[in-house]
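Here you go, one structure.
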Amino acid sequence: MQNQTEKFLNVNNLVVEYHSAGAAVHAVNDVSFSLEAGSSLGLVGETGAGKTTIAKTIMRILPDHAVSKVEGEVKFAGQDIMRLSDKEMASIRGKDMSMIFQDPMTALNPVKTVVSQVAESIVLHQKLSKQESISKAIKMLEMVGIAADRVNEYPHQFSGGMKQRAVIAIAIACSPQLLIADEPTTALDVTIQAQVLELIASLRKEIGMAMILITHDLGIVAEACDNVAVVYAGQIVEMGSKEDIFLRTAHPYTKGLFAALPDLKGKTRKLVPIEGLPPDPTNLPKGCAFSPRCPYADEGCRERAIDMTEIAGGHLCRCRKIERK
Amino acid sequence: MAKKTNKSSTAGLKPGSLKYVWSKVSHNAGAMGGLVIICAIIILSALIPFISPYDYSAIDMSNMYALPSMQHLFGCDELGRDIMTRVLYGARYTLSIGFFSVLISATGGIILGALSGYFGGLVDTAIMRFLDIFQAFPQILLAIALSAVFGSGLDKCILALGLAGMPNFARMMRANILGIRGAEYIEAAASINCTKVRIILKHIIPNAFSPLIVQIAMSIAAAGLQASSLSFVGLGIQAPEPEWGAMLAAGRNFMRDYPHLVIVPGLFIMATVMSFNLIGDAIRDALDPKLKD
Amino acid sequence: MIKYILKRIVLIIPILLAVGIMIFTLMYFVPGDPVSIALGNSATQEEIEAIKTSKGLNDPYMVQLGRYLGNLVFHLDMGTSYKTNMPVSMELLSRFPNTMKIALSSIVLTMLIGIPIGIRAAIKANTFEDRLSMFVSLLGTALPNFWMALLLILLFSVTLKWFPSNGDKSWKYFVLPAISNSIGSIAMIARQTRASMLEVIRSDYVVTARAKGVPERKVILGHALPNALIPIITVCGGSFGMLLGGAIITESVFSISGIGTYLLTGINSRDYNVVQGSVLYIAATFAVLMLIIDVLYAYVDPRIKAQYVQSGRKGKENGKKDK
């Protein structure tokens, strides 16, 4: 965090709070990570862990009416995202960084044709005429597998998988350097999921863009990411290369996640769920956020917050009990 | 427009239950203000014969057009009648027309709408096409036409407005029932072997009635407004009865010199209508989880 | 789409016929008769009866109804006024423009003022500006239009002498009627616009638009507003009715010779033909306004348009029916 040279994307000490019904919701608590150009990072965690909030903060599309506090630093391609004017930010969004949303059913504007929604971002960011943008938009849609004769249809005429393809086409229309994919396959059928993931992978290869993939599915991470950050209660609890996380699992929460997965290759065994529930984000525990559910936790864990420590080159973990296990 | 919701007050209550709605509405400043105004008007209009030293129809030529004073808080009208006394008597008309005409609209409309929604098919078509005729003109025109037929007077005015408001209730009830019948929780209830009677009593009726409460509150406001419009144009309730619209109609001839003759009754109409609207708004917000924060 | 509109226009005819039958029947049962009112107290019973018979008022109900509808359908003839002996259709035709001036200018005012106020309130949600405009709107929805008219006359005619208080000679005469008639609708539309904008602003596709880098102004006007318009149009439908009906009352406050004042004098003198004709005219206008509303739906929402084109029937009801 300190001695990191200018990487492509640096997120430092990010804190985001919402207000809801008079209480402060601690959605993101001191999150730091970085990403090299062209590489991919998986953000893994349960629903409500704050993954989407991290993504929306980077894009600066958090809902104003609900957010009460945003602190920390986001540096993208040498620019301090937090300090940009709204206009400057709008010129980056969709051009240099873009996002694929979780629910393709609601992510497209129901009263505009699909092609016009793709063309819109091309018109905005590339100095092309309307006609040229439309023909480019049609090309983009063909690239994600939507036939040219359907591009003038409205979203309600598309299936879920097609809508997600359209959303992807919007996101990659201007060949961004960074793509944030927020659970891009959660709302889709399993067969479509694989297609969409493959599509994203091949497009990444073609355009050479970096990706942050948000998911709760460890299988998808194993397939699509170079690095992994495990998010729990608004904090990164473990971060490292894919191999670090999958083979040299350190944090008790990450271990718990793997224990709860069925193992298709090995012997059948009983799945071990993580006992308890994630903490209430309006009322986080004082010490380690995972301590109430952690089998190894003691008084020391509950008393004060735990720092990230590097346990091996590039493999970080937020646990004070690592050595003893 | 303060819509402060106190989190603890609704905790543990089922959304949509009457208790939940009440606890939300009771924390809505606007709705409570409206409720206070309506209660105050009801109580004062009930007690006015005992409070006021004047008779609402007593002509007093020495006080013609008297401006507001300690003796006559709102002044006197063109015949020297005490405006405060008249206005509070007038509240009896507006409120009873509001309540009873909506009682007619709601009862008739609910029955028609429920029949239509429940039986569907030919019954539905017949009822809906019949209502189409009633909805082929603006509601106030329907009220004017019906008033013309029935003549003026309290009971006739209630009947005219009650009938004019019926199609709205019927349509709404029908849409509700159709919507609920197709809802997944009804299928869910049926799938765990809930009896038909139980489904109707426990699921359909409570869910169809909550939006109805909103419609009732709003319709009382609308009926009060329409009653005064009717009286203003010479239908509905007629002078010398102190109905607010009739008072306005009588006062407008003298308003150039004595504006208090038209200001006071108008303010009362507005306060009453707004109070019912505020209550209706609050109930709707309480019922609609989407409209939070 | 044109096919759909034509079908809808054809469907208006039976509704109007039904309205004609209903209003005729209602008027038939109204106590009092036009002839004795028109002739006054001096006429003898024999004179009255003679005129009633000559005008066919003593014929059986079915005969009278048949004659009325026959004249209406085949000759577009709405009969003559019992009071003035003038043909009702001519009188209505000459009065119709005044009523439409009030109704249409109110509709324009409502949309031009109400929608922007609502958008602004939604963007500035929960600020002082929002609360103020919503409080004023709340008052506006509770204002009786005829009372508003009286207050406007007091201020702008009596005190400031800017606008005349009654008559219909020039555009100046229609300023106060249009304002007083539209205040309630403006407030209603502003509130609905705010509510539906607030809902739409938080929807995912608006976030998508922002994520594309669309400037905020265009996000609001180009992405959010078209979607928010759907419920707003529904309320517009209701308010068109209110404005048309309100025009009747407004005319009587400002002594404008329109269909409303004609209707009210017709009611007072039991002039059946006048009442029936006026009601039919307003019903026909209302039907056209409602058709415009339905076409507007199709214009803003491709899903509704698809339904129209597919079914050719009234699209809105189909969804409900197959449940």
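Which chain is which? They are A, B and C, in the order written, and residues in each are numbered from 1.
In the analysis below, a contact is a pair of C-beta atoms (placed from the backbone, for glycine too) under 8 Å apart; a residue touches a chain by one contact, two chains touch by 3 or more.
Quantities reported herein were computed from a predicted structural model and do not represent experimental measurements.
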Looking at Cα centroids only, farthest away from chain B lies chain A
Looking across all chain pairs, point out the one with the most C-beta pairs in contact.
-> B-C
Chain B and chain C, separation of their C-alpha mean positions in angstrom = 21
Whole-Å gap separating chain A and chain B, where each centre is the average of the chain's CA atoms = 52
Among the residues of chain A, which ones contact at least 2 other chains?
-> 65
Once bound in the complex, which stretches of chain C touch chain B?
-> 15-16, 18-19, 22-23, 26-27, 29-31, 131, 134-135, 138-139, 141-147, 150-151, 153-154, 158, 195, 199, 241-242, 244-246, 248-249, 252-253, 263-264, 267-268, 275, 279, 282-283, 286-287, 320, 323
Residue set of chain A touching chain C in the complex reads 56, 59, 61, 63, 65, 86-87, 90-95, 98-99, 101, 103, 106-113, 117, 120-121, 124-125, 154, 156-157, 167, 170-171
Enumerate the contact residues on chain C facing chain A in the complex.
-> 125-126, 202-205, 207-216, 223, 226-227, 300-303, 306
In the complex of these two chains, what residues of chain B are touching chain C?
-> 1, 30, 132-133, 136-141, 144-146, 148-149, 151, 175, 178-179, 181-182, 221, 225, 228-229, 232-235, 245, 248, 252, 255-256, 259, 262-263, 266, 269-271, 273-274, 277-278, 290-291
